[in-house]
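Contents: one structure, followed by commentary.
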Amino acid sequence: MSQEHRPRRRGGAIGRISARVYVGLVLFFLFAPLVIVVVVSFNSTPNMNLHGGFSLRWYRQIAGDPLVVAAFGRTALAAICTALISAALGLSGALGAVRLAKGRWRTAVFTIPLVPLAFPALLFGVGLATFYHSMGIGFSIWAVIAGHVILALPFVFLVMGAALERFRFSLLEAARDLGAGTLTIFRTVTLPLLRPALLGAMFLSMAISVDEFVIAFFTAGSQQTLPLVLYGRINLGVNPGLNAIGSVLLVITMALAFLAARTSVLELP
Amino acid sequence: MTLTTGVLGRPAEDTLPPLRHRAKARREHASTALLLAPPAVYFVLLFVVPLVVLLVYSFYTYSDFNFTAKLTLENYTQALTSPALRDFYFRTLKIAFAVSIIVVAVSYAFAHILMYVLPQAKRVLYFLVLVSLFGGYLVRIYAWRSMLGRDGVVNSFLISTHIISSPLGSLLNSNFAIVIALLNFLIPLGVLPIFSAMQNISPRLLEAAEDLGASRIRIVRTIVLPLTTRGIRAAFAFCFIATMAEWVTPQLLGGPLNQFVGNQILYEFGETLNWPLGAAIALTLIATVIVILGILFGLLRLVTRS
Amino acid sequence: MTDDHPAPVVQLDRVTKYFGSVTAVDDVSLDIREGEFFSLLGPSGCGKSTTLRMIAGFEEPDRGSIRIAGVDVTDKPANKRNANMVFQNYELFPHMTVMQNVSYGLKIKRVPKAEARSRTEAMLETVGVGGLGHRRASQLSGGQQQRVALARALVNQPAVLLLDEPLSALDAKLRKRMQLELKTIQHKLGTTFIYVTHDQEEALLMSDRIGIMSNGQLLQVGSAREIYESPGNAFVADFVGSLNEFGLHVDEITDHRAIARLGEGQRVMVGVTADTTASSLLRVAIRPERVRLGLPGHEEPASDPGSVATPGTERCIVSGVVGEVMYLGPLTHYLVDTPALGRIVSQQLSERQQARFSPGDQVVLSWDADDAFVLADAGAETRGDEGDESAPRSGSPGDAL
């Protein structure tokens, strides 16, 4: 962050008050649904308002539901695999991209991986479905993971790209001067120094994978992830049990996002 | 004593030692390629190729809940000329535009306040917005579905405060519900690019404008706005593309009269198993979106240039 | 080798490096002797750092070859060479302790742990950071980091230690101290040092021999005294130490001297080459400390400890008026305006109470003809183009200070 003077307060008191009100309203709008989902999930009665007493019955219920538990396991598996694969590919790509001299190639390599970010999931989902179908590959959690990696790659690339921008490459020269080979340099200098950013990117990938719905919808087949279970049961009617599932998803993704922010901020000097 | 500027015993030009091949440079190029290869291969294999396959499938022939590899243009004719589909398009477009415009407006105001009105809370507020982004996609849709229902919190609230006497049934299964849920999900996505564009404007620049006598409004209009158009365009494009391809929100929050193009695609893939037609609709959808955005941004460029 | 020096530790043979259309290092050949402290000196961009990096192995020469301890290393990568570098920004690994940093190279060579530890600790003592082994680099001061970087390189006992302007990030006082310490360490260990710097004082102070570079070319190699007293060309003369420069219109030539008579008893003489003729225009230079300063009428002006006073025909005499007096502590510079030759600076030891001369005083400058050099640049025509050719060129104060 460059040196910033503290910016002068602009506008009068009325402006500031209405600004706070506005920000408050927007944040309320963004968070209220999430808060309500979590609160209602602790309802002791099966209705959807906030009047019920506190109870964990719905969590007990989904914990005892084999379908939910299996889906949870698959979601966790998908998240971890997505994180590992996208981290490896993203790190490799970023390390390669950063060596390119400025020019057309460099711009291309830095923008093309970002395309899946803006690309509609529906298109990608049906594209994957047709692809698997044409190759005779069955739908499964692995099919989902393969798709999730594509979605996570841009994020990993961005995070690692930013970290490499700040990286002191002269340290690698010093290591080489002291006799280290390429692999040793990577193992003892590059990787340890990139670890915070890499961890952050992995948490981010996990968060994206856990929450992801559309790709999973088209490629999971019978091996449903947790969002798919939630989706399937919505059509059976709304009840706090679903809120429990939703809360679990919610808390996990937000925790992962939080972890991602924290680990990538903890940089070594 | 006389000095010259000669150099230590320099031999004549034509006896220079030979040029050495640069083994090191070649090694470096090879390792760069090696590093870029795995993600590049993966990207092509699992992103580009599926889209190509989708394109190929869009030319297949359909009959009886099955399709064959016989090539035809039938799907595209249908995709481009079906009147029912046109209705879907108009409906989707209407909402996509509305949502995108609202998101840009709301996000811009939010980002502006963060940067210039409440800068001391900037970091915390931005962090909160980012976190809310990860609050889930399906979970939010589900949340609104339960909140807007007859015995959902919204109705309970309205009744308990005596604004209405009996629950509103029309909150759900409506465009209103769809829009609300989309806004809920897209506003954080809109704040991101606009905020980072604003971050890149040096405060010195604004001080210079102020020093030259510009009022706050003029500064925003003549300096901040032009420099953040890229962020605004990105936010608009994100929202527009996302909404045009939406199908979950209409399915869960809209009624039979509120379905999007995306739902039709889903129908072809899921119900009738007419994958070729679904593929054709999907591809024409993305083409349409690109064309519309292209025209829109082109017009914008013309307008801002004048 | 015609001299009786031992085999050189580092040999550069016609090394050339191109960066695109720029020739960064132009046909450099150089022998570094074992145990010597050798400096590569020159202005920014002269190619000295590039040359050093080629010895280290971070750049590859486009022509020529490099040998270290008798081994041709031109094709060898940096990690396989018997050389270690101390980097300008130290480049200590931030995620390791001092001990881990310094023993990094030993670990790679698979030196047994106990031996590595004792060698590391001994080296830390030698460079003066004995008890700091368990700290991290970020917890050390600049000077301490510098020493750790030195230790990290030296502990590997390389055939040659390469130093790339290692002291440039330190403040002046610390620099002076480190200069002496580096010299002491080098003497103690006997390691060959190749030191790159743009600071000529530093080079003169620390080096056994100096190589001066400019525009990619190696202009002169010699001991500090050789470089200073016998500069091989105009650039070297101007770069190391300071010079007074002026134009001189030759009036007559004796068998080994060109004489210019400047009126009112003033005369300047310089040595000549075959192609100097009467009425040629020469550019002449003389170091400020060789210019003696005295009152008009006195044949023996203020003493100059180092000069061999040769009275009579070999003395040059110019009169002028003191323009400014600059007191620099141990030395005082007198900027004298002479109608004949422009501004000439004379450097004297400072008087204790006050300067001997003040602005406005009429003085006589004198020096021995042997102390002056003639500068004969091939590309010096631009100077002659400025204004009247016959008038002496008035040197700007910056030339001589």
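For reference, chains read A, B and C in written order, and residue numbers begin at 1 within each chain.
Going forward, a residue touches a chain if its C-beta (ideal position, glycine included) is under 8 Å from a C-beta of that chain, and two chains touch if they have at least 3 such contacts.
As the structure is a prediction and not an experimental result, all values here were calculated from the model.
Novice: Chain adjacency by touch: line, ring, star, complete or other shape?
Specialist: complete
Novice: Any chance you could check whether A-B or B-C wins on number of contacting C-beta pairs?
Specialist: A-B
Novice: Using mean CA coordinates as chain centres, what's the chain B-chain C distance in Å?
Specialist: Between these chains, centre-to-centre, one finds 61 Å.
Novice: Return the distance between the CA-based centres of chain A and chain B, expressed in whole Å.
Specialist: 16
Novice: Tell me, which residues of chain A touch at least two other chains?
Specialist: Chain A, residues with two or more chain partners: not present.
Novice: Give the residues of chain C that touch two or more other chains, as numbers and ranges in rising order.
Specialist: 77
Novice: For the complex, give me every residue of chain C touching chain B.
Specialist: Touching chain B: residues 13-14, 16, 27, 29, 60-65, 74-75, 77, 217-221, 231-235, 237, 270-273, 276, 370, 372-379 of chain C.
Novice: Looking at the complex, which residues from chain A come into contact with chain B?
Specialist: It comes out as residues 4-7, 10-11, 15-16, 19-20, 22-23, 26-27, 29-31, 33-34, 36-37, 40, 47-51, 88-90, 92-93, 95-97, 99-100, 109, 112-113, 115-116, 118-124, 126-131, 133-134, 146-147, 149-150, 153, 157, 182, 207, 211-214, 218, 227, 230-231, 234, 238, 242-243, 246, 249-250, 253-254, 256-258, 261.
Novice: Contact residues on chain B for chain A in the complex?
Specialist: Those in contact with chain A are residues 28, 31-40, 42-43, 46-47, 49-51, 53-54, 56-57, 106, 109-110, 113-114, 116-120, 125, 127-140, 142-147, 149, 151-153, 156, 183-184, 187-188, 203, 216, 237-238, 241-242, 244-248, 252, 262, 265-266, 269, 275, 278-279, 282-283, 285-286, 289.
Novice: In the complex, go through chain B and note every residue touching chain C.
Specialist: For this pair, the touching residues of chain B are 1-8, 10-11, 16-20, 22-25.
Novice: Sort out for me which residues of chain C touch chain A in the complex.
Specialist: Contact set of chain C toward chain A: 56-58, 77-80, 83-85, 87, 89, 91-95, 104-105, 108-109, 138, 152-153, 156.
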